[in-house]
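Notes follow once the structure below has been shown.
In order of appearance the chains are A, B, C, D and E, and numbering begins at 1 in each one.
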Amino acid sequence: MLAVDQKRSFMSVVENPVDKVSVEVSVPDAMAHQDKTVGKPLLDKKVSMRCRNVDVFYGEKQAIFDVSLDIGKHEVLAMIGPSGCGKSTFLRCLNRMNDTIDSCRVLGSLRLDDEDIYDPKMDVELLRARVGMVFQKPNPFPKSIYENVAYGARIHGLTRDKTELDEIVENSLARAGLWNEVKDRLDDVGTGLSGGQQQRLCIARAIAINPEVILMDEPCSALDPIATATVEELIDDLRRRYTIVMVTHSMQQAARVSQRTAYFHMGKLVEVDKTDKVFTNPGHELTEAYITGRFG
Amino acid sequence: MLAVDQKRSFMSVVENPVDKVSVEVSVPDAMAHQDKTVGKPLLDKKVSMRCRNVDVFYGEKQAIFDVSLDIGKHEVLAMIGPSGCGKSTFLRCLNRMNDTIDSCRVLGSLRLDDEDIYDPKMDVELLRARVGMVFQKPNPFPKSIYENVAYGARIHGLTRDKTELDEIVENSLARAGLWNEVKDRLDDVGTGLSGGQQQRLCIARAIAINPEVILMDEPCSALDPIATATVEELIDDLRRRYTIVMVTHSMQQAARVSQRTAYFHMGKLVEVDKTDKVFTNPGHELTEAYITGRFG
Amino acid sequence: MSKLQKAAVKRRDIREAVELGLKVRKRRNRRFRHLGFMAVLTGMLLLAIMFVSIASKGYSAFQRTEIQLDIKLDSDVIDPGESRSKDVLMRADYTGLIKASLRELFPEVKKRKQKRALYRLVSSGAGDQLREKVIQDPSLIGQRIPVWLIADDDLDQYYKHGEGQSRLKDYQLQWVARLNADHRLRLAFNSTFFTAGDSREPELAGIRGALTGSFFVILITLGLSLPLGVLAAIYLEEFAGRNRWTDFIEVNINNLAAVPSIVFGLLGLAVFINFMGLPRSAPLVGGLVLTLMTLPTIIIASRAALKSVPPSIREAALGMGASKTQMIFQHVLPLAMPGMLTGTIIGMAQALGETAPLLMIGMVAFIADIPSGPLDSATVLPVQIYLWADSPERAFMERTSAAILVLLTFLVLMNLLAIWLRRKFEQRW
Amino acid sequence: MNLFVYFIVFILLSIGAYWYGRRYSLSLVSGDHRKLHSLPQYYGYYVALWTVLPACLMMLLWLFLDQSMIVHLVSVALPEKIKALPPDELGLYLNDVVNLARGNITSSEGDAVMQQAAAHYQHLWRISHVALGIAVLGAVVAGAAFSLHRIQPDFRSRPGVERLVKWLLIISSSVAILTTVGIVLSVLFEAIRFFRIIPLTDFLFGLQWSPQMAIREDQVGASGAFGVVPLFAGTILIALIAMLVAVPVGLMSAIYLVEFANSRVRAWVKPLLEILAGIPTVVYGFFAALVVAPALRGAGESVGLQVSSESALAAGLVMGIMIIPFVSSLSDDVINAVPQAMRDGSYALGATRAETISRVVVPSALPGIVGGVLLAVSRAIGETMIVVMAAGLTANLTVNPLDSVTTITVQIVTLLVGDQEFDSPKTLAAFALGLVLFIATLLLNVLALHMVRKYREEYE
Amino acid sequence: ASRDTISIVGSSTVYPFATVVAERFGKTTPFNTPKIESTGSGGGMKLFCEGVGVSHPDITNASRRIKKSEFKKCQKNGVKDIVEVKIGYDGIVVANSRKAPQFNLSRRDIFLALAKQIPDPKAPESGKLIPNPYQTWKEVNPSLPGYRIEVLGPPPTSGTRDAFAELAMEGGCKSFSWIKQIKSDSKKAKKAGDKKLAKQLKNRYKAICHGVREDGRYIEAGENDNLIVQKLEANPKALGVFGYSFLEQNEDRIQGSNIDGLAPEFELIASGKYPVSRPLFFYVKKAHVGKVPGIPEYLAEFTSEKAWGDEGYLVDKGLIPMPREEREKYARDAKELTPMHF
């Protein structure tokens, strides 16, 4: 179960405007970094996640080089870049999913609401409940559709009774645009769905526990336009309350839903800025070369 | 899964081995069908694959309803439609990949160059060598990159000497736009690649044996624009000689690379026609509703 | 030639090449399939051979030969004081009554040696049979009643299997022929075999003691080795990282599987009996020793099963904020269950048939009483089989086979449970 | 019986504690479990564990000690005369006392002293039981109180429970390590004694094994016949023959069942094959000795081959049958677990089933298959009865499978169950053999691990 | 722990007899049926001599006499008074299938056929030994059939094998006078006080007489005598070595070979004429008598005439009884618990 008190406190911040004031801007580290970084750091009170000098290694091989990046509250940050440039890898740092890969080492500082994510005292489960994730390859549990969606609510104890749970399941599936297709076969096994359905099931599963930050690794890659539109609407909807980081290959999509866009290239963060800016007036020739390529 | 018999009566006419002229037009059944069908049948000599009255069942559940569709030689046929409408299912009929799903039954007639695909005497292996496939979820073998690509050539005994094999591997990887990224690590295991790299690896694997027809199930869903462009170029290149059927969720992509587009809806083929026609002047309100939705 | 033309030419070649090779490949494929089929068939055939050879030898042990004698329950012999107290009835000389009845039936037998031979037609346990009858119904005393009594094993073997195997002397055969003509011989269900403990008289020997012992032993072995094995496998596969130490543990466990089982007996003797002071010959110790012996099998199978659960499932669970423990117990374990069950079944099958380590801890023994708890002295079925197989009396041969049949039934029951459980858990993704 | 009662009580207690802990945690937050740090059931588990575990451990310790404690107390109270007995006899005397007190059959009626001691024993025994009850109850109450006291809405009960689970896992896996240590220790000292008599090099490189010359103390050294080479040769020969039967049959069966047969056939055939592993080895022994060996000899004679009536071949073949399930069942599971997408990828390229299986499925499943095969090899090395009955006990140094050979395990067993002489190398040799076998298989396993690491192919 | 059941360990040869007695004892007395482990004579001795107390056995069976070293070990471990009870004899037979002719063997034949080394046949009394060259029985003795020598017998770890070597092989061995001379030389040396020489000679003597060939003509076939019987049936050209009770139970299938002209028949063995029979024993820990319930009663049952007498039930199970005087002596010893001396 989410240590709800912590979550509460965060939510209360969002809900009650009795906000705390930023403390951290003057830290020399951040300043030093500012020289190097490609985008300017956001003001603290707006920051949801703050990453500084992140390096990631797979064994000997370095996949992410010295990336510093702030993720603002209530924003949709799109991550674009050529295949294999490290988008997924970076994304997986944000909720410590990289812990599961033995060979993977993460250096640098990543903070969620001022808590160090890689602090050994960090409650990883809580972190992951707060920073939800939709994976690149859909990976539903080999359980029923209902159980797939209800799982998070169950382990985090979000509901009081069966009807509340039913409600969450229905809600999440509906928001992911899957309810109508599966409402008659909630007991079928989730792996028997079509590719796009599986993808949406995974989205439904992730949003069922109301995370603060949602990491989406190409959430629409297997989706048709209608479903894509549903998901994009959902993202738009979600961002009023939550922070969303999404990897996408569709620049249109990035343009449509994101406020800021980060461009990765060969493990380096080349540029991060307002989405309009990136697409209309990229600050780096690599970015320009990429976005002026043919569009997906 | 082969219970094709009921539909044989209709097919027997078509099956006539010396038929070079289109005969089936005069058959009442076919006429009846033609009324129902959404696109007009292609002339025989231009036809690579001819599907008639295809029904597909998963156990009790019917996933494809009475689809009749011709796939022309040297054309790129795009299949679009909402998620779960049966695109993958239909695609998998074309090289009998559905055989591997126990519960799946295919009725109707499917012919490749006038050979009945579901004929028990059909060589499934040859069929699949001739009708290659790239799956929706990338599924590289847990072998080295080199072995992944060389696999087809090896099993079919296409070459005996190593240099020829090297050439095939290099060529295929290059055409799939992956050569530069992996040429230094051909011995690494294929599953260690990023999602998009895996997808391209699977494309390279499929084209390494030069099939006549290539079935692609969302080949670019995990690809960045540059890689997508590479693949689209490849498709364009291939189609001069080969036939390509691709499922895509990107209507731009369909528009860019396909000559004809088939629109599926809830297991039914709603419309199939020249791509321009479908996108500019759809013949069915469902199609229109779909393509005038927001675009992916 | 342009690149494309080249490709075209190549393509035609390829189709041809594929077609050319296909015949051979299909033949190879068919051969492969046939080989597989033959393998399964071989396995089943071997099983059938083993089973038939055991069953054909053992089925006759489920019947026993009985002799009908008219016995005069002489009250002067049984209970001269007419007290009818149980104590008196217990101690009475029933064998004497039976002997008397036999003498009556064959009055011409006079010589001492022949008389002994005559008495030997009836089992030495017949007296107990009669005693039980009288105690149950004391009103029989004084009457003359016909009673079916257990025959001696030699007669039993002769009556079942005929001349060839007979150890009976010619004059004994004549008596038997007479008994048979008087319809005083019959085959009846051998209830003793299931209700009695071990005995040195084949016709009185039963498997109940060994079966009970096996039950306790297997219960302890299963109860300990399954959780221990599964938990150890989980730790090694999911928690312990990949390093020298875990490699060492892995090698060690694999190695334990190759340790001869009798060495586990030595270990059990040293640790459980000499050090911990547990009693010799107790099923508890047997269960502990067999637990140690089966543990490697279960751990190895369980690890293989855990390994084959795809990482994407784990990621999905972790990504939802499940703790590692939750991930393992809610997702990985159910998927790995079939493999773990396989390991357990094989391990248990092995444990169920093992004798060598039990020798060291005193379970290869003659124990007539039926154990009532895991601390009582007991043997187990395979030991019983081993001991009977080594007994001179011919009649023990069929009992050996029958005991094996019972053991296999035990095993089949366990397997049925496994089939059911596997069905429940198995799926392909 | 008593233990059984306690067992039931503990189960009931833990259910009760679970239920109460759960409810208590909920009551703290007036029923809204979302205010708790962890799910309510984890509070239940937490309380249940604290309530039952310490009490359980305490009881086990108590039961382990109480008999000896009571007997000790009884013996202290005995008259000086009896206490002066040598310890062994005192033990027997006390045995009688205990038998008397327990109402068992005793060797004698017992004199007044013994009667008194028995009464004393009974008295203490009753006290002990009452005390145990109180102590257990106390532990239960203390544990419950402690855990309930710790329960607060923000108390992290799930990590607490999980830490405990992890400890359980660690303890479980250390059992295997302890076993190894135990086994090494239980053969090491005797083995060292053996090597004091027979030099290690003679043992390892000697070409002749013949413990007959050493049957008596006074015959030691009549011939240096403790060379382990023929035993190793025999072990390898028989294991090899067995594997030649078991691996092809087992692996092909597994493949057939997973890839070709329908699932119903598989569901039945697999457990049926597993029965092969459970047939007692005596049966296989008889089968090998009385059916296979004569048949082999007959066949050999008909083609003019000299086949010994005890042959490695007969034993190996039959042993192969026994270990088929080790290969088939374990491979079956891992092959079945290879994701369908792997197969699809291969089929889609036009591969036949055979090709798909041999080039994609089996390599993917290799670690598991190797595990099964290793287990089968282990079993083949560890088997005795079949070899004794069908291959004899003569240690020939030969690679001819038609000759009779013997294996290390067989020698260990015969040396240990035969006529033992604990000061002569004859019996000590069993321990040396055990040690050497242990080391040899260890090396084999290290090798196997490396091979698997090198060739394994990971999916996903 | 406490114990109210007699615990017996030891020889697998005595096991069938001890168990019958135990069973009757259990049925006819209020005591529990004793637990009898079949551990082999040596294993039994080891357990028996480990100490006094409830965790150690009360009685051990043996198919040979206790060895001096074992007795010493017992003494060392506080097992002071041991009562020795000889219970009868076990004939060791050499048998073959009834499908083949009966063998008429002499002990010399047995020695020549099975010894590892034999005196050079060209000059038997020259004192020269050669590895056993014989492959068929006919080569050993022209009056025997021309079968390949194939003898299934117990392994060197078995008490039966020990006895067989001592009685049958050594008997034949001694028929060579120069070998016999070695033994008397050894005795002489011992008397003369040259212990080293005595031991050397004795070792040489035993090496010659007890060494069984290992070239596959003698097949070590484990301890399961039933298996040997069945193997003989399957292979009529082979001979087997095992205990008399198995011959008795399987007389329809197998026949015992005559040894030195004497058939392995009950009377001949009992009278001591049949050369290859060995005594069986059990040993009682005196310290346990009166402490573990039932021991005297068990001894009484075992040494009663109805058990081990000429017509007792043990005879039915294949035990060869001792002569009456010997029985009386041992019954008395058992009753009075006379400790043995070495």
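One rule holds in what follows: a residue touches a chain if its C-beta (ideal position, glycine included) is under 8 Å from a C-beta of that chain, and two chains touch if they have at least 3 such contacts.
Which protein is which chain? UniProt says A, B = Phosphate ABC transporter ATP-binding protein; C = Phosphate transport system permease protein PstA; D = Phosphate transport system permease protein.
Quick caveat: nothing in here was measured; it's all calculated off a predicted structure.
Enquirer: Both chain A and chain C are touched by which chains?
Expert: B, D
Enquirer: Both chain D and chain E are touched by which chains?
Expert: Chains in contact with chain D as well as chain E: C.
Enquirer: Farthest chain from chain A, going by the mean of C-alpha atoms per chain?
Expert: Max centre-to-centre separation from chain A belongs to E.
Enquirer: Which chain would you call central, comparing Cα centres to the global Cα centre?
Expert: Ranked by how close its C-alpha centre lies to the overall one, first comes D.
Enquirer: From the C-alpha centres, identify the chain that is farthest from chain B.
Expert: It is E.
Enquirer: Which pair wins on C-beta contacts, A-D or C-D?
Expert: By number of C-beta pairs in contact, C-D is the larger.
Enquirer: Could you give the separation in Å between the centres of chain C and chain E, each centre being the mean of its C-alpha atoms?
Expert: Centre separation, chain C to chain E: 33 Å.
Enquirer: Distance from the CA centroid of chain B to that of chain C, rounded to the nearest Å?
Expert: 58
Enquirer: Measure off the straight-line distance from the CA centroid of chain B to the CA centroid of chain E, and report it in whole Å.
Expert: Here the centre of chain E sits 84 Å away from the centre of chain B.
Enquirer: Multi-chain contacts only, two chains or more: what residues does chain A have there?
Expert: As it turns out, chain A has residues touching two or more other chains at 137, 155-156.
Enquirer: Going by the touch rule set out above, which residues of chain D reach two or more other chains?
Expert: 158-159, 286, 339-340, 350, 352, 355, 416-417, 459-460
Enquirer: Please set out, as single numbers or ranges, the residues of chain C touching at least two other chains.
Expert: Chain C, residues with two or more chain partners: 18, 25-26, 311-312, 323, 359, 389, 429.
Enquirer: Dump the list of chain pairs that touch, please.
Expert: Pairs satisfying the touch definition: A-B, A-C, A-D, B-C, B-D, C-D, C-E, D-E.
Enquirer: Can you list the chain A residues touching chain D in their complex?
Expert: Per the touch definition, chain A meets chain D at residues 1, 3-5, 123, 155-158, 160.
Enquirer: For the complex, which residues does chain C have touching chain A?
Expert: Interface residues on chain C, with respect to chain A: 241-242, 311-323, 326, 330-331, 335, 427, 429.
Enquirer: Could you list, by residue number, the parts of chain C that touch chain D in their complex?
Expert: 18, 25-26, 28-29, 31-33, 35-40, 42-44, 46-47, 50, 53-54, 227-229, 231-232, 234-236, 239-240, 247, 249-264, 266-267, 270-271, 276, 292, 295-297, 299-301, 303-305, 307-312, 323-325, 338-339, 342-343, 345-346, 348-350, 352-353, 355-356, 359-360, 373, 381-382, 385-386, 389, 400, 404, 407-408, 411-412, 415-416, 418-419, 422-423, 426, 428-429
Enquirer: Help me check something: in the complex, which residues belonging to chain D touch chain E?
Expert: Those residues of chain D that touch chain E are 67, 86, 88-89, 91-93, 95-96, 98-99, 102, 104-108, 210-213, 215-219, 222-223, 285-286, 289-290, 294, 297, 308-310, 388-389, 392-396, 403-404, 406, 414-423, 426-427.
Enquirer: For the complex, give me every residue of chain C touching chain E.
Expert: These residues of chain C touch chain E: 116, 120, 124, 128, 164-167, 199-201, 273, 277, 279-281, 359, 362, 364-369, 377, 387, 389-394, 397.
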